[in-house]
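The structure under discussion appears below in the form of structure tokens.
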Amino acid sequence: MTEDLVAANRILVNEGVLDAYGHVSMRHPANPARYLMGRNLAPALVTAADIVEYDLDSHPVGAPANFGHFFERFIHGEIYRARPDVNAVVHSHSPAVIPFSVTERPMRPLYHMASFLHPGVPVFEIRQAGGMTDMLIGNPALGRALAKTLADKNVALMRGHGNVVVADTLPMAVFRAVYTEVNARLQMQAIALGGPINFLAAEEGEKAMRVLENTHLRAWNIWKRTALDNDAR
Amino acid sequence: MTEDLVAANRILVNEGVLDAYGHVSMRHPANPARYLMGRNLAPALVTAADIVEYDLDSHPVGAPANFGHFFERFIHGEIYRARPDVNAVVHSHSPAVIPFSVTERPMRPLYHMASFLHPGVPVFEIRQAGGMTDMLIGNPALGRALAKTLADKNVALMRGHGNVVVADTLPMAVFRAVYTEVNARLQMQAIALGGPINFLAAEEGEKAMRVLENTHLRAWNIWKRTALDNDAR
Amino acid sequence: MTEDLVAANRILVNEGVLDAYGHVSMRHPANPARYLMGRNLAPALVTAADIVEYDLDSHPVGAPANFGHFFERFIHGEIYRARPDVNAVVHSHSPAVIPFSVTERPMRPLYHMASFLHPGVPVFEIRQAGGMTDMLIGNPALGRALAKTLADKNVALMRGHGNVVVADTLPMAVFRAVYTEVNARLQMQAIALGGPINFLAAEEGEKAMRVLENTHLRAWNIWKRTALDNDAR
Amino acid sequence: MTEDLVAANRILVNEGVLDAYGHVSMRHPANPARYLMGRNLAPALVTAADIVEYDLDSHPVGAPANFGHFFERFIHGEIYRARPDVNAVVHSHSPAVIPFSVTERPMRPLYHMASFLHPGVPVFEIRQAGGMTDMLIGNPALGRALAKTLADKNVALMRGHGNVVVADTLPMAVFRAVYTEVNARLQMQAIALGGPINFLAAEEGEKAMRVLENTHLRAWNIWKRTALDNDAR
């Protein structure tokens, strides 16, 4: 369980979704009113000993006194509260999505690996929720506003900041975070080629998403193996 | 023989053509009605023990009961059936080709290393063959439709999905898969530079293809050496 | 102290800001009229033994006679003289900023990680200061002219050359140099997407900059750890 | 001497100028009517034992009978014959220059590191010299035609193929090959930013080139060290 959460941190760094910033969490398997996430630490450094339990108000539960906590942990708490179907959340500055967050072209799925984008990718404008801020989701109200923008989607962009990616399992959230980044790169290239783009149709997206339920673990398993091999080295 | 097929899997991962998905096969050297391919496994993990023999209906022959098989193996079986001249097939989500699969600019060879593209690069539109699908070549009919689009060409794109690359030998199929990806990147850049593009003429393409018959093994040999060195480490 | 300066050299190479060229310096902690920088050497090779003390005229103080010195060290001396608030300076050929130095679109912050760009990114035109030169800041007058263009900003581009990045601490200068490069890449992509770009507002930039005061050490610490780990290998 | 030529092969692979193809040569230090180059082998595999001496007609002199020779060695022989000032030649499929070889925008220096491009970068159109060919410089006449297009410049592009880079020393030829590739990438990005580009003026280019006479060895030395370290591993 914590092994998977540690691996998720490593994988998202290896795949270029996280750098020294961003965080990934999972809902507590035994208590849906709690979630697990690393303490305030670069994702590449998170070990099992750094995993903290938080309640849905994002208060740490039983963490060592010397632990720091992510300022933006409300992203996670408020999404878990608003979305009972969600069991894992990734927040990142995934580089290729940033340009989509500050321009007007919506992200859409170019291929089946990103079919989970087909329900739409809303953009959260923090100015609407909080006026002129420091851009961070630093309190519960902003977390709730972000969760409201996310609504029932799988991915939401955050203007001038990054994105959030959710799923019902941790491996699926990691898979979606990686292929959101890949699709963003490919969509930029398709736009540069010019002319209309033949995106996945809604029905294709729906059917392809169901396939990913079966196939995403192939990626997860090899990513996890690589992450743990590197640690053992 | 299986060593080469294992190496082909590693090489295509190293060169960025395959990630955790996609597959490479070769026709059985002793029985043209059979082909060899890894079982359902990430390409980086395939070993000699994972190679399965399939008939042209893509039924496994003598594989261990616990082996899973690629859902899309019909790509391979139906191309081998339709193309007696083909002895190796690569199916990938080669990233730089995806944008070409969903826009209207045809892929064409920018330089001699991609001269095998000069006969044309058709795009398979699965909607024409199967209506609204999950985008996968999940049955023999879709495999036959893809083989029909490929016709006598060396490469076909699959809209919103990836591509197939074929050749009369495994090293040549790998070579073509790698330089299809490279040419796609270069063609995007040439388009961004603006103005007309001076592609290889048909006669240049034909002559340069013949040269690659002699020179492609230089790449194969060093790629294979690197792949096996990494395994030995 | 020198350990941090050695680490800064390694980090900027690892993050793609420096190649075999460019230099990073810090003001002497005990004597504000002096600064510390590696001798004329590729940044990846700098060790504690290569650190030289310079006065603000950029004369070396007590350096071994066989040491060479960077031709462009006046960049550092003149900025330290003009900017008492600055305690660290990076000069690089940071690749993604070069195109912005020779075209007319100003660099602006796309996201909070680059909020330190919000006061503006002036471009130094060496032709105005020195006519037709070899493009280098090879004397104190050119150093002063560059410092004048930089004024009270955090980053200035140098036309056809690179940039300078300053901060009140060495880790912050390194952080800003890295995210200037990242923001340049992202801004190019946003421009390619077309349409208006929703940059950080001035107030957002100001507030987000204050957050970085607290969070930049998370990046510095993991970058330094990686740099020193590589050295120990 | 041969150590430097072996290192040059490794460096050009490490820096992404050569892949499994391309070659680098140097004029024989003791006999200007001879040049030295690896036998027909991927550049990453060349060792001192693989270096062959050629006369200016590109006939091997005293090479083991089992050695193969590059089909395109006439590039080297004919340039050495036409350009007594040239002592090293790189031929590559340097990826970022390919798009410039097939479109109409001339390559020009964006920054001082590529100032050696300021005399102009001609494009060799093999159709003018040889009609419909296999794109290769496979005979002395084509080699002479390429040398004629190169004229007194430092770099010439070869349409649909790659480029040649020359200098009076081997380290300088390697330096120029690397920064030709870098400048091509940066020029593509500057073009994408839109509007006029402020290239180096001729006088700036001339002066900056003279500086590189002194500074290019900083890059060469660290590249060589890295290349030999990797070999020793």
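Just so it is clear, A, B, C and D label the chains in written order, and each chain counts residues from 1 on its own.
The definition used in the following text is that a contact is a pair of C-beta atoms (placed from the backbone, for glycine too) under 8 Å apart; a residue touches a chain by one contact, two chains touch by 3 or more.
On a predicted model such as this, the values are computed, not experimentally measured, just so you know.
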{"item": "Those chains which touch chain B and also touch chain A", "value": "none"}
{"item": "Same-residue or different-residue interface between chain A and chain C, half as cut-off", "value": "different"}
{"item": "Inter-centroid spacing, chain D versus chain A (mean Cα positions, whole Å)", "value": "45"}
{"item": "Distance between the centres, which are taken as Cα means, of chain D and chain B, whole angstrom", "value": "32"}
{"item": "Sequence positions of chain C contacting 2 or more other chains", "value": "192"}
{"item": "All pairs of touching chains, each written as two labels joined by a dash", "value": "A-B, A-C, B-D, C-D"}
{"item": "Partner chain A, residues of chain B touching it in the complex", "value": "19-21, 40-42, 44-45, 93, 95-96, 98-105, 127, 132-136, 159-162, 188, 191-192"}
{"item": "Sites on chain B touched by chain D in the complex", "value": "109-113, 115, 182, 185-186, 189-190, 192-201, 203-204, 207-208, 210-211, 215, 218-219, 221-223, 225"}
